[in-house]
Every structure is written in C-alpha cells, then in structure tokens.
Amino acid sequence: MTKELGPNLIGQVPLQDLDRLAAQIPHGAKIAVPPDYSGVAMALTRAMIRRSLRDLHVVCVPISGLQVDMLAGAGCIGTVETSAITLGEYGTAHRFQAALRAKQFRMMDATCPAVHAAIQAAGKGLPFMPLRGLLGTDLLKNRPDWQVIDNPFEKHNDPIVLLPAIKPDFAVFHAPFADRNGNVFIGRRRELVAMAHASTASLVTVEEIRDVDLLASEESAAGTLTAAYIGGIAEVPRGAWPLKLWDIYEYDEAHLKLYGEMARTAEGFARYCDEFVHDRKAAE
Amino acid sequence: MTKELGPNLIGQVPLQDLDRLAAQIPHGAKIAVPPDYSGVAMALTRAMIRRSLRDLHVVCVPISGLQVDMLAGAGCIGTVETSAITLGEYGTAHRFQAALRAKQFRMMDATCPAVHAAIQAAGKGLPFMPLRGLLGTDLLKNRPDWQVIDNPFEKHNDPIVLLPAIKPDFAVFHAPFADRNGNVFIGRRRELVAMAHASTASLVTVEEIRDVDLLASEESAAGTLTAAYIGGIAEVPRGAWPLKLWDIYEYDEAHLKLYGEMARTAEGFARYCDEFVHDRKAAE
Amino acid sequence: MTALPFSRQELLITTIARLLQGCRLVATGASSPIPGAGALLARAQSGGHMRVNVLGSVRNDFLCDGGVELFDLAGQGRLDAFFLGGGQIDGEANINLVGAGGVYPQTDVRWPGSFGSGYLYYLVPRVILFREEHSRRVLVPKVDFISSAGPKNDGTYRPGGPIGLLTNLCWFAFDRDKRRFRLESVHPGHSVEEVRDHTGFDFDCPASVAATAAPDADILTLLRTRIAREIAETYPRFVAQVFPDLAAAGD
Amino acid sequence: MTALPFSRQELLITTIARLLQGCRLVATGASSPIPGAGALLARAQSGGHMRVNVLGSVRNDFLCDGGVELFDLAGQGRLDAFFLGGGQIDGEANINLVGAGGVYPQTDVRWPGSFGSGYLYYLVPRVILFREEHSRRVLVPKVDFISSAGPKNDGTYRPGGPIGLLTNLCWFAFDRDKRRFRLESVHPGHSVEEVRDHTGFDFDCPASVAATAAPDADILTLLRTRIAREIAETYPRFVAQVFPDLAAAGD
C-alpha cells in the first residue's frame, strides 16, 4: 500500500518508495537500528531482504529482535554488534542463533551504554568515548577494538575502557510522521537522534507525511530530528508491523507467535519469507 | 510579585519562594548557568546578590552576560569558567572586566564545545571527555586541568585533549513553566538538560506552575526535564527580566541600556543595585 | 507444611520491597514484574521519598532523554538500586547473560545477551540479583562467560555491585569483603538442605538461618490492591495470574 | 573614483556568497549580519543544494538539539563553512578573541572570549575570517593570545581551517602550505598600497592583483529584495541601515 510517489522532494529530502529507499543501501553497509519498541523499519527490512543484501554490519542501538532475526535468517548479515537479541515473550531468536552457530556472521557482544557511548562519539566526531564498568568481563576480553587506559586525571591506578566511535553508513528506522520539509518527529526517542547524528545519512519510513512545520513551535521542535540528517524518506503506513510503534499501534501478537513458530527451522523461515516478504502479504 | 507559597511540594519537588530557593546555595558553590538567550534566572540572581553570596564558581554553559557581570560587580564570584562574557549590543561587561583586572576571581577561559563536553561528561558520570581542536592555543596552555593524550586508536601520533568532567553543585535557570509534578518544560534547550544531569540538583524559577502533566504525551515529554533532577522550584513571573525568555518575552532594551550605562563604574553599579536589586524595583 | 497465606510471588515482592528501603531512585528492566511490583510497594511505603522507573510503563516512567538516560542516571550516582539476573550466576557473583557450553561465540546455548549489566553492575550501589529458578544449572561454581564481574576489591572504580541474590528458595547476602554469598534467610516452606542441594557454588552458612520474613496483613492488603493495580498497567498477564481476585474485580 | 553602484556591505555579502559556492551546510554565529546575508544569498543561488543555519533566526534555524548541535555537526564533518573574526589576527592566521596587552588574564584590553573558535577553526573545512576593520591594530604580526591557532601542518588532526580573510579593503587567500596570506583581490576603490599600509603582518602579493569582482545587476536585485527580507528577520537594524529602500517599503 506504499504510495508510489516516484522521485520527489519534501524540503530538500528525497521522498521515495520503499524499494528505492532500500536501494540506497549497498552490500556491506553498516546500518544502525533501534530496539523493537522504538520504531523499527520492518517494511524496509523486508524490502532489504527482497534485494538479497549481503554482508551488512548491523549495529543495534542498543539491542534488537525480530529485525536482526529476519536479516540473519535471510543471510543478509556479516556482522552483528549488539547488547542483546531477543524476541521477548515471543520466544527464542532461532534464526539469529542458528546463523551464529553456523558462523555466518561475526558477533560483537556489547553492553547497552557501550553502544550508546560509541554512537554518541561518532555524533560528536570524536575518535572514542570512555565508559565505566566492563572491567573483568568477557565482553571486554572479546572486543579487541576496545582499549583500556589509565585515567590520566587520577593519581592512583584507575583503568577505564575507551570505546572507538561507531560510524554507521545509515541510521534506519520508522517514525510516526515527517513534516513537509522532511523533518521527522521522534518524540523522546533520543537514541534515534544519536543514531542519525552518528550516521552518514538516515533512511526513514514514516506512517505519513503531514503538511505541518515541526520547527514552527518549541514544543514540536523539541521532539524533532531535523531534515539535515536525512537521506531519504518513504511513506509506509504500518511500517513497523508486526512490531509496535510507540503508543500508536501495538505488537501484532498473533503474527509474532506465527513467526516464532515458523522461524524455528530454516525451512519454516523460508516459507514465512515466501508468504510475508516476497509476496508482500504484509502491511505494505 | 513572587507568590509566597511557603514550604510546599509539587510532586516530590519543594516549591519555594525566591529567597528560600536562593538560600539553598551556600558560599563557594559551583553553579552552572545558561546563556542570556536560553532562560537565565535573573530574579534568583538578584536574590543571590541580596544574600551577599561569596566565592561562587560560575560555569557558563557555554557563555554568559548580564548575570555574570552583576555577580562579579557584587563581589559574589570566586571563579568564572566560560567561553565568553558579553552583553552583546548593550556594550562592554564593565563589572566583569573590572573585577577580572582587580584579580577578584580566577578566570578559566574555554571554548564553547569544551564546556558542553565537560558538562556532558559529568552527566554520564565519566571522569573526562575528549575534544578535538584546542591544540596550539593559549586556552590549552592556561588550563592545567586539561590534559593532552595520544589517541590510542591511531597508529600515528594523534594528540587529543581530554577535559575533566565539570560537576556543578547546582544548575540554575529560568523556564516557562513546571507541571504539577515538578517536571520542567525546556523545549529544545538541551543545554539545560545537560546542566541538570551534570549537577547535584537544579534550582529552577518558572513563569508559572501549570496543572498539567508534561509526561502525559510524547510531544510534551520530548521537551521536558524530569523532576528527578530538580531540588527546588520558585514561581517567578518575568523571572528572566531584563533578559529575554525564548520567544515569550524580549529583552528590556531600555533597561539593559540603563544597566550598561550605570555599570560603567563601581559607584553606578552600586546605585543600580540599590534601586533594582535591594529595593526590588524589578519584576519580582 | 500447609498452604501459606501468601503466594511465592508475594513473598518475593515483599522481600524486594524490604531490600529497597531507603532508596531514593529505583529502576526495573525488561520482563521484571516481580521487581517492578517490589519497587512500587517500596515506593508506597517510602512516604514520598522514593522514585521508581518501571521500564515499559507509561505512568511510571519519568525518563525523557531516551534509552541512554537510565545509564546516565547510574553514572551520575542517582540510581540507587537495580535488578540483574543471569543464565548462570557463580559464587563470586559473576553473572552470565550470553551463553553456556561450547566456545564463545559459538556457545551450545545462547541467551539474548548482556543488556546493560556490564555497566550497571559496576555503578548501581544496590544491585539485587534476582533469579527465580534455584538450581545447579543456574547457580554454578564458575560462569562460562562473564557478562558482568562480581566485585574484585582490586581498587578499580566500582561504586556499585550486588547486595545479594534472591531466588525461589532463599535470600543470599553478598559479602563484598569475602567475595562470597552468605545464606541469610530461607523462604518459609524450604530448608537449608534444600538450598544446599540445589546450589552449585560454595556459600557461607551460619549455624542457624532465619526464615525469610513473611509479609504482614497490612502489606499484603496494600500489595493486593494498590500495588497490583499499579503494576497491572505494565504486566497485565502477571497480575491476572498472581492476583486473580483483582483481575476478576475488573480493576 | 566616483560612487559605486553598490555599497561596501553589498560587495562583502556577494563576495562571501561566492566563497560559499558548493557548500552543503553553512552556519553563521552571533552578530553576523553580513555573513548571514552572504550565506542566504549563496543558498538562493544553490538550486536547493545548500542549508543555512542563521544563529538567532527562527525561520532559518533548523537545529533541534540545543547549543551543542552546531559543534556536533562540525565534528561530524557536516558543517562546510563558518565565519570567525578576531580582536587580533596575525600573518599565520592565529586569531585572538580574548585580550591584548598586559599579562593574561589581566590583559589591558579584554574582549568577550573565544566562543566556539578554539574548536570550529579546526573542524570546519571552509572557515572565512571576516573582520571589517582593516588596520594595523587588528592585523598584527603576532597575536597576544591564541584563541585559535592557524594551521601548523604538523600532522595533527585538522580537517578545518581558514580559506582566507575578508576585510573592508581586500580578500586575502590563505595558503595552507606556506602558512601565509596572499593578497587575492582588492575591493574596488582601494589599492594594494592602501592594503599594505594598513596590514601589520607580511603577506604574499603577486605583481598584479585583481579587483574584487563586483556583483552584477541580477545578484544585486536578488540581494536587495529576497535576501534583504530574509536577513531582516534576524537583523532588522542592519537591513534598515544597508537596505533603506526595502525598509521604507515596509517589507
């Protein structure tokens, strides 16, 4: 049901259909994605699977679920950088786990504030950001990209971890609406702002384009991601389906249960994709 | 015209009159203040001068103007940490400059993003934050509290400045309104959020208390500083006067011109204080 | 032992509330109905001195600064208590939320991941380890992967750490100096022997171990009415199961 | 020399607009009407490829993340151009916004302070040094205090720096390899000798120096109508003074 708007601009931002938006993402791209409750671009994820993208480096800010499970099951992923992958009450992330066991991608386990800090570092153009905690963990031991230095502001020995900035090519997420200039309403989901600042460009799906100016009032501007960060927008009603979108719509529990059952096996997942990804028996 | 509400609570936040709010600040306190255009608690500043506070460490996030000029003129300041002190088109900050020349306080010159970064470090509980730039400046040379390390993520020599966290005792500012639970509307003035996160407590004056719940909607929550950070609120209509409050009221140009003229000399400033600070011929 | 006048969950909730006394700010994470109810009960008993942030709640979530604010609060020293679990927990209070068996990252069992534990465990002064299952599968001599390490007393920066471990059988206090758990109380209906049989790590055990304090009638009433209603917003299924009377009353 | 068909300010604005060609994102700081007008003019000529953020504007301020966002944009490499001035500027492009004479911090003259210069000068690829006053008081052999250093070519991280210095008399390009200014053009009505007389630092000077390109009629019309209206929102007094016809028309 995506409107086929063709090449177009809102403000200075390209307004694209779902497949053109997905086409901006090349094989091997590093993409940042939000947690399941924060506005996941699931319709765009299905479009990415249809394009048979390969070797994506997915940075979960700071965790993920269905999106990574599907991308892993479809063989799109080369690296997963996350603090957790969980389908919550809908069961185990079987496709993610199977692909991990089969060494189909590189796993970079983190802890939530470490992902946030490394994303914020990129958003400030910093090479690294310090973080407390992590000492003595096997997380640290398995992350050769992290370093421990001695805090130079303490006289006594005070080791502290430095995390290199994470600079994604794209922040990819779904939001309630964009305004006529391509500004996107993100409410208090400030992890979306951090992801956008850190990334070269943000690819955003929205429920709708509204003929308003989010920057016109202090109230609405406070919850806005400004258009300067955005590389493309697609208007996709129910674009987070079957996940929830904030308090706008809820998880599709029946569908998630169905997914949880079908995705137990590679064959079941393939059937799921035939039906809901390739045949587009989905929201879009 | 401050309402004398006495000891009271909104949510879990003490609702106080101006003088009780000022009384929370002891001699020698480290306070963080915003720039002239972002909501300065000028009525509270006058109350602080009436209390003859001494040896304040004022951290300007990242610059200041009238507030620091008056506090310096009144002899309240022990340290100024800032990227600039300017009255803009209302002329030179004579009281600040005279006190500086007379060595009445310690001067810590910075650059705007350095103040922001050090405040953000405290808001994250980090001992320091890195910042690009600054190399080769006399700012760096005169800040022994700043350190230069070699970026451990680069193979070649890459010096980078580390700034120790700034942890104020109080963030002090003026905002349009608080809700019935003590949450404060700050719009997109995110430097106020950063100041509040960094400080032990925030002392806030507001134009009014509104019988609403700012956390009730995503729109209003996005521009809200949550009550957990706030140590006291006073309801002070025109509490930023003679400075502006966002787009709610403008600079009182005639008064600022008068201030600029009177504050040229110590004697003139004393007369100004007699009239507008001690006699309270001001908004409050 | 006859049927108790309170349920297992009610004992856990009221025990948690007791452990949170004196906190100013408490937060609970995902999928945490019992810690959430315990925190809300403690708040109700605090006389307005405690704030509680329940992840997933609308009415009891005061954070405005995105997912990072909880961690920033902990870094600032404002977050007094938090709850962590573990697929494995060992006798030095190391916890494992990543996986067991095999060779990391190709572990035989894979759990979701470490979430915020690798940070919060170090920063929050009163971490309550909470795992209902009390078995040698969970409470192991040594975890296979350290998502977050128990306190080492090695002088590194560590304002936070575990105060103890609460399970379906007992409450272990954690002795930070000795880096060991000490059996503090056994829940009514269970025994020290039962705890020992189902615990895979060594722990200190006094000659006489108290029974975990049972909630009194007033607290149970408060829990079954106001607190059950408050937590139902976030965990309706939990309330339907544990407080069926409230659910039946249509509250 | 007879009266020019354009004002000094109009020449400066159109010169700035030319220097900004090809930028995607330009910002101007406080008290910067001429850079602001120049940026808005460049945007109007860019065919929708340039964003401009005018500090103090409502209609031309797209930042939503507080005072820090401009600096974050620069750190991200998104901010292509910015303007800096200086109480003193020297021949190696060091700038001083703090004070002169005496011993810091008790300088004989104190200016407001360094603002964001100590950072932006290092990060923004196209910094235009802009100071209307062209005198030996301002353009000195060596600044008394370095608020922000000229490029050193010492291998330290420095994607940004000055492309040149625009004054009431001329446009100096900055040669980063030689770490020296080169006189690129002298404004109509002025001479190389005049520049030399009023400049306190050494600079390179070709045998023949062009005149700064005068704006053509189309650009002047655009500037005097649409651009003047746009910048009037933020700088009404400036527009009243420099574009009195527009102001008189009540636009």
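A, B, C and D are the chain letters, set down in written order, and residue numbers restart from 1 in every chain.
Here is the rule we go by: a contact is a pair of C-beta atoms (placed from the backbone, for glycine too) under 8 Å apart; a residue touches a chain by one contact, two chains touch by 3 or more.
Just so we're clear, the structure is a prediction, and the values are computed from it rather than from any experiment.
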item	value
Chain of greatest Cα-centre distance to chain B	C
Pair of chains joined by more contacts [C-beta pairs], A-D or A-C	A-C
Chain A and chain C: spacing of chain centres that average the CA atoms, whole Å	30
Between chain B and chain C, centroid-to-centroid distance (C-alpha), Å	40
Distance from chain D to chain C - Cα centre to Cα centre, in angstrom	60
Chain C, residues touching no fewer than two other chains	63-65, 71, 75, 123
Chain B: positions in contact with at least two other chains	124-126, 131-132, 158, 160, 188, 193, 221-222, 247
Pairwise touch network: line, ring, star, complete, or other	other
In contact (per the touch rule at the top): chain pairs	A-B, A-C, A-D, B-C, B-D
Interface residues, chain C side, partner chain B - complex	25, 48-49, 51, 61-65, 71-78, 123
Footprint of chain C on chain A - complex, ascending	35, 37-38, 61-63, 82-86, 88-89, 93, 97, 100-101, 103, 107, 109-114, 116, 120, 131-140, 142, 156-160, 188-194, 247
Parts of chain A lying in touch with chain B, wherever the complex brings them together	117, 124-132, 147, 149, 151-154, 158, 160, 162, 164, 186-188, 218-223, 246-247
Interface residues, chain B side, partner chain C - complex	9, 12, 122-126, 183, 193, 197-198, 215, 221-222, 224-228
Partner chain A, residues of chain C touching it in the complex	30-31, 56, 58, 63-69, 71, 75, 97-98, 104-106, 110, 112-123, 145-149, 152, 155-157
